[in-house]
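Heads up, the next two complexes both have chain A, just with different partners, chain B and then chain C.
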Partner chain A sequence: MPTANITTNVRRVNGASVIDIVGEVNAAADEALSAAFNEASQDGVKVIVMNFTGLEYMNSSGIGVLVTLLIRAQRNKQKLRAYGLSDHYKQIFALTRLDEAIGIYDSEAEAVSEP
Partner chain B sequence: MTDETTTQQATKRDDAWAKPVDKLTVSDAPIGAMNLNVDGRGLTGPLQGFGQLWQKTYRIRLEGAEVSPQDVVAYWKANLPSLMPDDSRFYPSLTGVKPGEVLLINATLPGMPGGMPVSTGVLVLYADDEAFSVMTPDGHPESGFNTFSAYDDGGVTVAQIQSLARANDPVYEFGFRFLGGGAQQERIWQHVLTGLAGNFGISNAKVDIKKVCVDNRLQWGRASNVRHNAVIRTTLNAPVRAVRRLFGGGAPA
Partner chain C sequence: MASITSRWRRKDKDKDQSAVSTAAIEPVSPQMVVEVINIDVDIAPTDPLLAYFQESANPVELSRLNLQSPALDELRAAGVAVVVPLVSQGELIGLVNLGQRLSEQEYSTDDRKLLNDLSTQAAPAVRVAQLVRQQQIEARNRERLEQELRVARLIQQTLLPKSLPELADFSLAAYYQPARQVGGDFYDFHYFDDGRIGLVVGDVTDKGVPAALVMATTRTLLRSAAERLESPGAVLERVNDLLVEDIPPKMFVTCLYALLDPKTGRLQFANAGHDLPYVRTAGGVHEMRATGMPLGLLGGMGYEEREITLKPGDMVLFYSDGIAEAHSPTGDMFGFPRMHALMENYPGDPDLVRFVLDQLGDFTGPGWDQEDDVTMVTLAYRQQAAAGMRAVEPGWEILAEFEVPSAVGNERIAMERVAQIATDTPLAADRVERLKTAVAEATMNAMEHGNKYRADIPVRVRVCRSEVALSVTITDQGGGQFVREAETPDIDAKLAGLQSPRGWGLFLIQNMVDEMRVTSDDLHHTVELIMNLQ
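And then the complex of A and B:
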């Protein structure tokens, strides 16, 4: 497996959980993102927001990791959202049709305030 | 590392992705390939299909082979058609396995004597030196991604195929579960990996298979995907192809 090059931080904003993602999202990021998702889901949180402002790179395996997080969120009746994506990765989310299930926002304020 | 080098690396990485497309386009079908059910189709990912979502990982260790992951993936891209079994033929465009290219697929699925022919294809979604991924169109048996990659594991190069997909419609789901479609899929990827290993002088390696059901729900809201079903459409098109052949209509459509 490729070496993980990612750090995550989970914080609470307006009742939502925000996962700050810094580094690369690929197959090796699975463990870190899964752990962050678990932490973000504590206390019955219903909105989880991924902050991609610090994203350096994402490959197709990384998209797969996000799909598995999304399925877990759907199972828990949680909403999964994202902000901070560059135009390039917004296009990748559209190409892979991930944007149909993960809400894409321009700012953290918008992502956490939407009902 | 200079800013210029960093920018060049970022550009190279961004170029590994296909450009956004609404519909697939097949400009020139390779000789011998039946081109149905791809041109003008939209893409479907793991979220858009009907059946249970499975992540299946197939791995083979190239123990003793002096070959890097990059060498393996380069060989894989260049020789993908010859690595496929006879009942699942891949036809890359002349450009080869590159982001945004379409690979046509002519296959035979189990379910009736002699098998059921299917003409479909996939988009090369992503390709770099260590991996390439394909994404399926509407009507394909599966809805999702397949990623072909290689990596170093403690000095041994490992070749891997990982699919994250669900059956595209209820007919395919039935076929995968009860008509041998799932077993055929596993046999195809084992064939590819053992063939790949054989090229590097590894003849006795075993393919390790790991299957995880990521989502066991059926997405009934996607049942209408059946209107694009490539097996049904390929079968219905057979008389048309036969008439064309009879009256010298040239290459199969």
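And then the complex of A and C:
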């Protein structure tokens, strides 16, 4: 089985949850991201922000994992947001139209303060 | 003439005129009683009687002879009184034996003259009859030999492979030219489910039908042993043990068995006393040496097993002794040093078989009476088609070529190496990032879909550049399957649960690079990623 090369940390900022992601977002990251998402969703939190500042590598399988998180978020009527993406990954989010469903922000402050 | 068989025969009773030394005697009248006796007397070559008859121009009355001769005693005991030697051109070709006259009187001078005349006239006629008969026998023998050769040739040609293995990275060629007498050469190919190919080149001692039959048996034994046994050494050991029980005495089989894995270039081989194949690599020409006794001589023999790994551009020549042992008009033998030199001097064109035949032809001269079968099998690892990749086109330079084992996560290795190389080109940083993603995705696809994540099957990556573009080719061994991702990914469909959340790979690749080309053959699948540099 693939070994995950990712660490996650969940913080509460202004009533939103921030998931700090460090490492690789690929198929192996599924379990870690799913657990972080559950943690972030506790107490009925409606805004979940993924911090990609520490992202080293994301591949198509990782995008697949994000899509499954997105499906869960939509089911829970949660908003999934992201910041800290490099231009390259912003491009990929645009290409895949993930950016239409995941709000992309330049900073954490913007991501958590948006209603 | 070691043996002379004489018979009296009644012509009217026995129409057979074919006996070599038959003299026929007509009864003088129907009332006369003629006793017909078959006398089979062997006259030894050393018997003085033979020389006596040979010298004698006249009928010989045995009662007058005083010789120490076993044959003389036998003739007398059989009641022979007079022998008329039939001599033609100084050669004793037969005897007319007569018993006592019925009147029991001595043979008169007239009788003797009559017999003498008879022998003088009969001898040339008998001689002619003998020669005709001899020619008929020889013609029949020749016909029988020709027929045998036809049968031998038929057996061999029927059992030689009708086609050659077709491999993406290797080209094989085979040549077989039987000698007039048809030796026992053979070659064969075994096909295994995992793509490996068994190559056999062998030679049965002896010629003609016996050799062809032993060849047929050996070929079948090899095939069935190869089906159940993995290693060439074990295959030869098994065949030897089976063959030893059935092979006629004084016959044996030399045989080389090699097992090629086209995916890796690994060539395992074992040798039962056959001529050593030559391998030509970038490092020179070498004999492929492995020791072992010929098949069919002694049971319980072990066969050394060796292996080499062929690289693109390498070639191997398997052959039979009909080449090395060919003679020039002045009696020189072609020999192994010439074989070695020939492999070194081979210019790469025309094909190796043609080249060997041309060299051999120059050596033996025109009108060569081929002494033995000539057999060759050549194996060449294609230079240009290495790893199923296209040849590098003019104007392109290879910057790097490497392999990545098909294991989860290894796409990052390919990605980082390509990134390192791409950074030294005029490709802009953001476009390097795009290429990295494309390389990672293509490598993942290759490892997963092409190589099924089998770590022993690597993904091959080649980075090339020209004046205007950078190209990365990524090749796996999943040829023959064309549909990799069935549907175009759509985020709305995925969010609605109508599509798998996955399946972004090919879509990403296509959008990351300036051009993507996909080529596939039976064995390989290659994705080429192109980034323009201008």
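Basically, the second predicted complex is superposed on the first by the 114 of 115 C-alpha atoms of A that agree within 3 Å, B and C clash if a C-alpha of one lies under 4 Å from a C-alpha of the other, contacts with A are read in each partner's own complex, and residues count from 1 in each chain.
The rule is short, and it goes like this: contacts are C-beta pairs under 8 Å (C-beta built on N, C-alpha and C of every residue); 3 or more make two chains touch, one makes a residue touch a chain.
This structure is a prediction, so every number in the text was calculated from the model and none was measured.
Chemist: After the match on chain A, would you call chain B and chain C a fit or a clash?
Modeler: After superposition on chain A, chain B vs chain C: clash.
Chemist: Which holds for A:Ser60: it touches chain B only (first), chain C only (second), both, or neither?
Modeler: A:Ser60 contacts both chain B and chain C.
Chemist: One more residue to check, A:Asp87. First (chain B), second (chain C), both or neither?
Modeler: After superposition on chain A, A:Asp87 lies in contact with chain C alone.
Chemist: Who does A:Ala101 touch here: chain B (first), chain C (second), both, or neither?
Modeler: In the superposition, A:Ala101 contacts both chain B and chain C.
Chemist: See if chain A has more residues touched by chain B or by chain C, and give me that chain.
Modeler: For chain A, the partner with the higher number of touched residues is C.
Chemist: Check whether A:Ser113 is in contact with chain B, with chain C, with both or with neither, and answer first, second, both or neither.
Modeler: In the superposition, A:Ser113 contacts neither chain B nor chain C.
Chemist: Could you look at A:Asn38 and tell me whether it touches chain B, chain C, both or neither (first, second, both, neither)?
Modeler: Neither: A:Asn38 stays clear of chain B and chain C.
Chemist: By the touch definition above, which chain A residues appear in both interfaces, chain B in one complex and chain C in the other?
Modeler: Dual-contact residues (chain A): 1-2, 57, 59-61, 63-64, 67-68, 70-71, 74, 88, 91-92, 95-98, 100-101.
Chemist: Residue numbers of chain A touching chain B in their complex, please.
Modeler: Per the stated touch rule, the residues are 1-2, 57, 59-61, 63-64, 67-68, 70-71, 74-75, 88, 91-92, 94-98, 100-101.
Chemist: Which of the residues in chain A come into contact with chain C in the complex?
Modeler: 1-3, 5, 24, 26-28, 57, 59-61, 63-65, 67-68, 70-71, 74, 86-88, 91-92, 95-98, 100-101
Chemist: Chain A touches which residues of chain B in the complex?
Modeler: Touching chain A: residues 10, 13-14, 16-21, 43-48, 53, 55, 125-126, 128, 130-131, 133, 135, 145, 147, 149, 151, 153, 162, 164, 214-215 of chain B.
Chemist: Across the complex, what residues on chain C touch chain A?
Modeler: Of all residues in chain C, those touching chain A are 408-409, 411-412, 415, 430, 433-434, 437, 440-441, 444, 489, 491-492, 494-495, 497, 500-505, 507-508, 511.
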